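Letters are used for the chains, namely A, B, C and D, taken in the order the chains are written, and counting of residues starts over at 1 for each.
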Amino acid sequence: MALTGRRKLLNEVIFGTDTPAGRNFDVFLIWAIVISVGLVLLASISAVAERYGPLLIALEWVFTGLFTVEYIARIYCSVNRRRYIVSFYGVIDLLAILPSYLALLYTGATYLLVIRLLRVLRIFRILKLVRYLRDANILLRALGLARRKIFVFYSSVLVMCVIFGALMFVVEGPEHGFTSIPTSIYWAIVTITTVGYGDISPQTPLGQSIAAMTMLIGYSIIAVPTGILTAELAGEMHRERIQLACHNCSRSAHDPDAEYCKFCGHRLEDAEEVSEV
Amino acid sequence: MALTGRRKLLNEVIFGTDTPAGRNFDVFLIWAIVISVGLVLLASISAVAERYGPLLIALEWVFTGLFTVEYIARIYCSVNRRRYIVSFYGVIDLLAILPSYLALLYTGATYLLVIRLLRVLRIFRILKLVRYLRDANILLRALGLARRKIFVFYSSVLVMCVIFGALMFVVEGPEHGFTSIPTSIYWAIVTITTVGYGDISPQTPLGQSIAAMTMLIGYSIIAVPTGILTAELAGEMHRERIQLACHNCSRSAHDPDAEYCKFCGHRLEDAEEVSEV
Amino acid sequence: MALTGRRKLLNEVIFGTDTPAGRNFDVFLIWAIVISVGLVLLASISAVAERYGPLLIALEWVFTGLFTVEYIARIYCSVNRRRYIVSFYGVIDLLAILPSYLALLYTGATYLLVIRLLRVLRIFRILKLVRYLRDANILLRALGLARRKIFVFYSSVLVMCVIFGALMFVVEGPEHGFTSIPTSIYWAIVTITTVGYGDISPQTPLGQSIAAMTMLIGYSIIAVPTGILTAELAGEMHRERIQLACHNCSRSAHDPDAEYCKFCGHRLEDAEEVSEV
Amino acid sequence: MALTGRRKLLNEVIFGTDTPAGRNFDVFLIWAIVISVGLVLLASISAVAERYGPLLIALEWVFTGLFTVEYIARIYCSVNRRRYIVSFYGVIDLLAILPSYLALLYTGATYLLVIRLLRVLRIFRILKLVRYLRDANILLRALGLARRKIFVFYSSVLVMCVIFGALMFVVEGPEHGFTSIPTSIYWAIVTITTVGYGDISPQTPLGQSIAAMTMLIGYSIIAVPTGILTAELAGEMHRERIQLACHNCSRSAHDPDAEYCKFCGHRLEDAEEVSEV
């Protein structure tokens, strides 16, 4: 079903990026999102909250109102309303305004904790920004191709963390901070990812030996996802270039370093600018 | 020797994955393993163990019984029983049930410590999961090809850790936590793998300079295993694609980005689906 | 406009690297920069500052005088003076001498703090060193080609840090060190980059679970920039070699491992020495 | 000059690896080195040193004697004695025995400290092990090709560490552990390499912001050495395979995945076994 009249116009402004109005709307929205997220961050600093509390609450309601109007307008001018509402961005758009309204209802004994949780959920507004990022396609396609190998890799890492965690629980025990197997698994993840907080660390020689092994394994298997992704990404980028067609004669399969079409001699650079960089 | 009658049927269910019964058995087994490992984890949390102790012990015996029956059935229906028992999974299957029974025998002064160790060995049940993961082949083959280069790399890393550990023991000494050369080697491994707990850290300017060198070396040699594996993996994935044969004309050596057989025009995608992704 | 007489001579010495005098001037300048930066480092150690304070101040003025003369000489002998002054190195050259003079003016209550800041800015002298590093071209070109993919990557990492930071602020709260969302974002960056100071670390089981997820994500997305850069760098290095022309017959497109020109048999090594290594 | 008689025989045993005697000598030497290094490690643990002190000293002299005899024999049977003595392994061989003898001379007030330093220098014996590792050639050649790019990379990292260190010294100051610019540079290296001990960590919001930037830069430039090395290593491994010549017809330039010579059909695998794996 094609849209007509006002809905069509609104659709072009809100969802489209082809008209100047559509582009301006997107830029305005990005700034509104960034500023409103910045306000949530500021409001979480107790010194700031004490001093500018009322102002921050007022500004929060301004942005909540703005995003509510935007959400209703998006529903109004969608070609397929149901599909928009249940889409990824439809849900994010709702989650970005819901907490402010819910915070009105829950005002009682657990006020402070709940409102904090609800307010913070508004941070999901930032996810809206993702919509404006293109060029993430190559990365996503490479990740898509690598997904099964990466799943195998993660399974192995988790199995290793469970086994090393259990070993350390037995070897070091609760008296050195390894209070339970889940806690020890947390330690194993901290160690194998080379984060190494040091809040829990082995004290006994045997524990330190096992920890050293865990580190060396973590240090080397970090190579595995890099290897997988690099291989996929190189293939994906190669394909991207090969698919590049000459603007003049429409033939493709040019060499990666070709600057002129090998069939008609037309310069390829602008084409490449468009499709790849 | 071919199996007949009941043994053949049981073999198809337990070892096979071709029949619906075989697949259901495998899925059931995975769930049983995951739940039983989860119970071990829960039992290690002292608050949970105090409250649900008897229930957890009862459930442990249920799973021990289940895995015992499974182990006996596997031996019963194996084509070559001896080979199953001494195989990797045969040993893991035995280790997954043995600790519960051994805990019955050893009841003395050191009871608590021993039973804890034995219980935790049951975590090896989780290794059974690996059996169900395919697609790990490319990774394993690439690791196999890279094994000698990775061995050279690890030897160099360990030699460096010993030398830096010894240097730091002399420079910092026991008064700054470097109590012995093995402890200093542990520190060197923590540093070179960029884990950095901070439980032992250099205090003197000279010690900090040597530590900075250790870090910079560790930071750059992390590139070596990644480089080795990426190179092998790229080759392995390339070969995988090249070996891919067209379903129609059986000819292979297609380009990596080919979607149709270049000899007969038949679509290649489903073939690729089977052999590579 | 071509330079003549003394200005031309001075220009060749100061900006040029073709004459022996020009090369000697550059080497002398590098040493002066390194030594003057070393003096700033030494002066920041309180024990050294107390003992050799007057000497360090005197030496600082010697170098400030030297660099001032050099700056004036550079302006004097530039072909286009305005362009030099507003160029990257023109600004760095000015910033490298300005703090010493500014320290003379601001002598009041906040003297100590300000002069420290100004002194330290002189460290930017070290950036002058970059001028002497060639061969950074391939790296820079590869980074240039990868810049948009890397921007997408960084945006995703920052969005993730904001969301995980906000989550941890709610889950752990100020009582476990997560005093505000910005502080929690700092924690998220410390964790996702696998630095892991341990100054802030999660205490609750839920917080530790979220932290473990953050680590595993950080551990795997470290693969993304590596993959991007490796793919670009490999392409760039390949192109570099292919562009290499034979000195004898001027034809290029030689194989990466070619040691002799495949058209005329002339040795390629010296050519490669010049353009690539 | 060719060796004759006893010297030739000894040379074959000590330096050669072609005869059974030469191989046995090498294996014996590796074990002697590993055990003697193990003794140094054990002697550094105070509990062990107190109990087995005399035994460890005796064993140390046994190994010192053994390595002294070996060193003299190596000099005796070298084709070119001077070249052996000043070679890398000649110096290492001397350093591995010298500390034990020097420890006899320095017995006075500083006895304990000096002897510890001297003893520990004997750890350099372990470097002898490097001689026995082959297959490190591809790695070393790739590192050799990448050396200038890696030097540029390290210079940039060090310049960044100096600048970030100086900035943090001004921002955080001695009261938060950043006692001097060199100490702050140490902190910057700890942070940029993602080690993150946490012995020094920023406390102020501005300091934490700069630290976050340092981490993100460190996190992404880790990709650079990996990218350089992977690209060089892939080229080196490719060349290795291409250089592989068929045993039957001596022609090379076979495809990376070729199992049979494409010119004469002879199996290539054994050849590959020899030259590459």
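Rule of thumb we're sticking to: a contact is a pair of C-beta atoms (placed from the backbone, for glycine too) under 8 Å apart; a residue touches a chain by one contact, two chains touch by 3 or more.
Owing to the predicted nature of the structure, the values given are computational and were not obtained by experimental measurement.
Asker: Given that chain C is a copy of chain D, what angle of rotation, in degrees and a multiple of 5, matches their CA positions?
Answerer: 90
Asker: Among the chains, which one keeps its Cα centre farthest from the Cα centre of chain A?
Answerer: D
Asker: Pick same or different for copies chain A and chain C, depending on whether their interface residues overlap by over half.
Answerer: Mostly different residues: under half of the interface numbers shared.
Asker: Look at interface C-D and say which pair in B-C, A-C or A-D is its repeat, using the rule that over half of the contact pairs are identical by residue number.
Answerer: It is A-C that repeats the C-D interface.
Asker: Just the number, please: Cα centre separation of chain B and chain D in whole Å.
Answerer: Using C-alpha averages as centres, the distance is 29 Å.
Asker: Could you tell me which residues belong to chain B and also touch two or more other chains?
Answerer: 182, 185, 194-198, 222, 226, 228, 230, 232, 234
Asker: Which bits of chain B are touching chain A when the two form their complex?
Answerer: 37, 40-41, 44-46, 116-117, 120, 123-124, 126-127, 129-130, 133, 135-136, 138-139, 142, 150, 154, 157, 182-183, 185-186, 189-190, 192-199, 222, 225-226, 228-230, 232-234, 237, 256-257, 277
Asker: For the complex, give me every residue of chain D touching chain C.
Answerer: On the chain D side, the touching residues are 145, 148-149, 152-153, 155-156, 159, 162-163, 166-167, 169-170, 174, 179-182, 185, 191, 194-198, 201, 205, 208-209, 211-212, 215-216, 218-220, 222-224, 226-228, 230-232, 234-235, 238-239, 242-243.
Asker: State the interface residues of chain D toward chain A in the complex, per the touch definition above.
Answerer: 194-198, 226, 230
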